[in-house]
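Mind looking over this structure? Questions follow.
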Amino acid sequence: MFVRKSKKSLSEYSTGELVMFRFRKNKLAMFGVVLLSIIVITILLAPLISSYDAVVEMNMADRFQSPNAKYLFGTDEFGRDLFARILYGGRISMFASLAVIGIAFVIGAIMGGAAGYLGGRVDTILMRAVDVLMAVPSVLLAMAIITALGNGVWKLIIALAVSQVARFARTVRASVLTLRNVEYVEAARCFGASSLKIILKHILPNGIGPIIVSATITLGQTILSISSMGYLGLGVASPTPEWGTIISENKMNIGTYPYLGLIPGICICLAVMAVNFIGDGLRDAFDPKTKN
Amino acid sequence: MAVPLIETVNLKKYFKTGKGMLHAVEEVNLKIEEGKTLGVVGESGCGKSTLGRTILRLHPATSGQVLFNGQDILKCNKREMKKVKADMQMVFQDPYSSLDPRMSVRGLISEPLETCGDIRDKKEISRRVEEIMELCGLPANHANLYPHELDGGLRQRVGLARAMTLDPKFIVCDEPVSALDVSIQAQILNLLMDLQEQKKLSYMFITHDLCVVKHISDEIMVMYMGQVVERAKTEELFENPAHPYTKALLAAIPTIDLSSRKRERFVLSGEVSNPIDPEPGCRFAHRCPYATEKCKKDNAVREIAEGHFVACNLC
Amino acid sequence: MSEERKNGARESDNLLEISDLHVQYNTDDAVVHALNGLSLKVKKGAKLGLVGETGAGKTTLALSVLRLLPAGVGEITEGSIIYDGDDLLKQPESFMLGLRGEKISMIFQDPMTSLNPTHTVGDQILEVLDLHFHEMPREEKNRKVDDILTLVGIPPARKNEFPHQFSGGMKQRIVIAMALVAEPELLLADEPTTALDVTIQAQILELMRDLKEKYNSAVILITHDLGVVAQFCDSVAVVYGGRVVEYGTVEQIYAREKNHPYTAGLFNCIPDLSVKAERLTPIEGRMADPRVVAQGCCFAERCKHCTEICKSRAPSAYEEDGHGILCHLFTKKEGA
């Protein structure tokens, strides 16, 4: 309500810089960034830390070794190095999830954007399609698609992306709908801005908050879904490691050797948590009403 | 008589709704000359905002003509329209929702220039922004602030500045002061009048506040449920209101004049309904104490004095 | 101040007496001082208009009286609110529960959101009676609901309808019915007609006037519209910066002979229907920053007559025939 006694340093920032500035002040979000960076960097550097051979190499002499200096996370019933398996498994978990979100986001945004902005018949047709997708539980849908396509990382990605499109289409449509008739959009139409320009300049930046939050939460869930699918033996099949698959492989021995389940479980948890923190932080940072 | 800057001929705007056709604007004929203000008065839902938006082609008109300098803009193609749009701008009611919260004051004011102005040079644009900000009474150091950091009065100045950047000839002001406090309201009204004098602007001033409309308008048009019930010069309308609805509106204004306190006032009963598939004839008939059978059939517009038009059978 | 309080105690016809009330909102960024020593007296059966702009503290005052300030944020730091002899600030919550809705009721600005969309309007009015009159037999309660609906001009047959089936003006009538069904002694009406059209506003004011006569409740009409006050109220209190800067009868204030510079400014801001003025004279500047408590007069920054003393010392009240003005301009004259 009141004119801020503007510090010069602040008013010199551009919008993007301000968002980053606010984001960086959010401790929880920064914690998420650090955590996610550690996970991603470690995963990226995997070949330097451990060779891929260690992932599949069986060493029956070193079965069920508890975490120690040689085997940082211990070994499983075939004596495979759990650390190496988690490193390489993380690559599949993380990058497959990102790919799923990327694909689902792009398709969903186009569908939702078109439905919301154009309205009328386009809206009806697209949204009924979305309703059909929503009517099937997403895991079931993904399972059905994989069963039809067969196992494989890319097939898993496509299956999960299809099952998430509906969610994105809905979120994007909702934010476009609320913003389409806002007065500042009308004002832009008044001085002759084109629809594309209005969508890119006014609607998208203002509606991005809920979309980003939805994307990050879905990212967390997708990491979980990939793991659950892996656990169920769909998508990524053993011996190719994947966090969910690793738990699944060891499910018979978790009772005796809990670290076999705990370590990959904690990895999944940390990754999901980091992603969620970042999502919340971004949402707050995008809101110009938050304090500087 | 000069050629009017803006003229509408039998302008109609209907909306399709689930319950039927909503006759939001019915056969409106108006003329606004250069440098003049037409006040459009009516209660919520009477179609006054829709009328303003239809004239600016923010809504497609159902039928009729909108003439700008004699040219029918409803027939313009995209390229011609872009030129016309620069000359016709709008100021919105809510200074909160009419400014994109993610853009700084400078960004908001320069956006029209960047979108459709002929100026491409960055320096030229920022010079123009400063000029407009000064014109609208915005301190230069506010250029980098965001809308939420400004109060209602300043925001409305930004909204006005944005409308002014393209140097328009005609501005539709949709309740520009209704959301503001009285002391701020007076500042904005003065600013509007100063700009009009300097730039020879024409306004269509949409409001429900009769005190404000009397202050700023040269001519006033009263609307009821999509129909124009009366149109006259400001003094004429306030001195000789002819239509019963206009009379009721004038009587309902709470004035600061204590002498009107004890007077028995003419309080309208009933409420406005939606003009969905309306019956022919006068839409005010169901609330009008003088309505006859004839009123339910037609209500032709007649000129009862020079420039004083009334759509009522009894006047 | 002590003498004033004694006077107040003697004048038993004061229903509500607020003295030196300070309220602040402790938000994350700053402490916002909403009321800074507001004093106000309301007689039994009075029609008081509380006039002020956004941020003057009008709604805060109403919420303070009902002790409904947002918990943990709004805080009453000083002052007293005496209602019918009881200091409300010292009473337990149970006492307030009995008071709210029964003795003091409130009408909110927005009729669209003050009704629960999932209950019929009849049930919502009945709920007020259920809360406050446990012994009243069912039939009598139902009869009361029918009576009050008839009074506010709604056919009792419609009591089984839901809020969305009514128009804006009708909803405001229902809200008024809810506020009046318990026949309160004091009605706080916070901008009851602002969201309505002029002709509907006239209807509602007419209705409130009639009901006021029937029940003889005291009404505090909170508004920014000097016109509404002129048409409805007997006395006026002008609020600025969390203080009453001027009070008096409608005649005293609307005579426009002797006014606080702020009140005079407000009058000049309104386009007058009877005179054709070329330009309005707005009050320069904007509302004082409520995060800072002014050392002197809260209006000093915007005042045309501001002198050195205005900036350094808060003015004391000047009063003549019950017309009070909080301004150095007047206290000086009196002293001379």
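Labels A, B and C are assigned to the chains in the order they are written; within every chain, residues are numbered from 1.
By definition in this document, a residue touches a chain if its C-beta (ideal position, glycine included) is under 8 Å from a C-beta of that chain, and two chains touch if they have at least 3 such contacts.
Everything numeric in this text was worked out from a predicted model, so none of it was measured.
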Of all other chains, the one whose Cα centre sits farthest from chain B: A
Two chains joined by the most C-beta pairs in contact, as defined above: B-C
Gap in Å, rounded to a whole number, between the CA centres of chain C and chain A: 52
Chain centre separation in whole Å, for chain B relative to chain A (CA means): 49
For chain B paired with chain C, centre-to-centre distance based on mean C-alpha positions, whole Å: 33
Sites on chain A at which at least two other chains make contact: 1-2
For chain B, residues contacting two or more additional chains: 151
Residues of chain B touching chain C in the complex: 43-44, 151-153, 181-187, 189-190, 193, 208, 210-212, 214-216, 235, 238, 248-249, 251-258, 260-261, 265, 267-269, 271-272
Complex interface listing, chain A residues touching chain B: 1-4, 6, 11-12, 15, 182-184, 186-193, 197, 201-202, 205-206, 288-289
Sites on chain B touched by chain A in the complex: 53, 56, 58, 81-82, 85-86, 88-90, 92-94, 97-104, 111-112, 115-116, 141-142, 144-146, 148-151, 154, 159, 162-163, 166
In the complex, chain C residues that touch chain B: 53-54, 167, 169-170, 197-203, 205-206, 224-228, 230-232, 250-251, 254, 265-274, 276-277, 279-283, 286-287
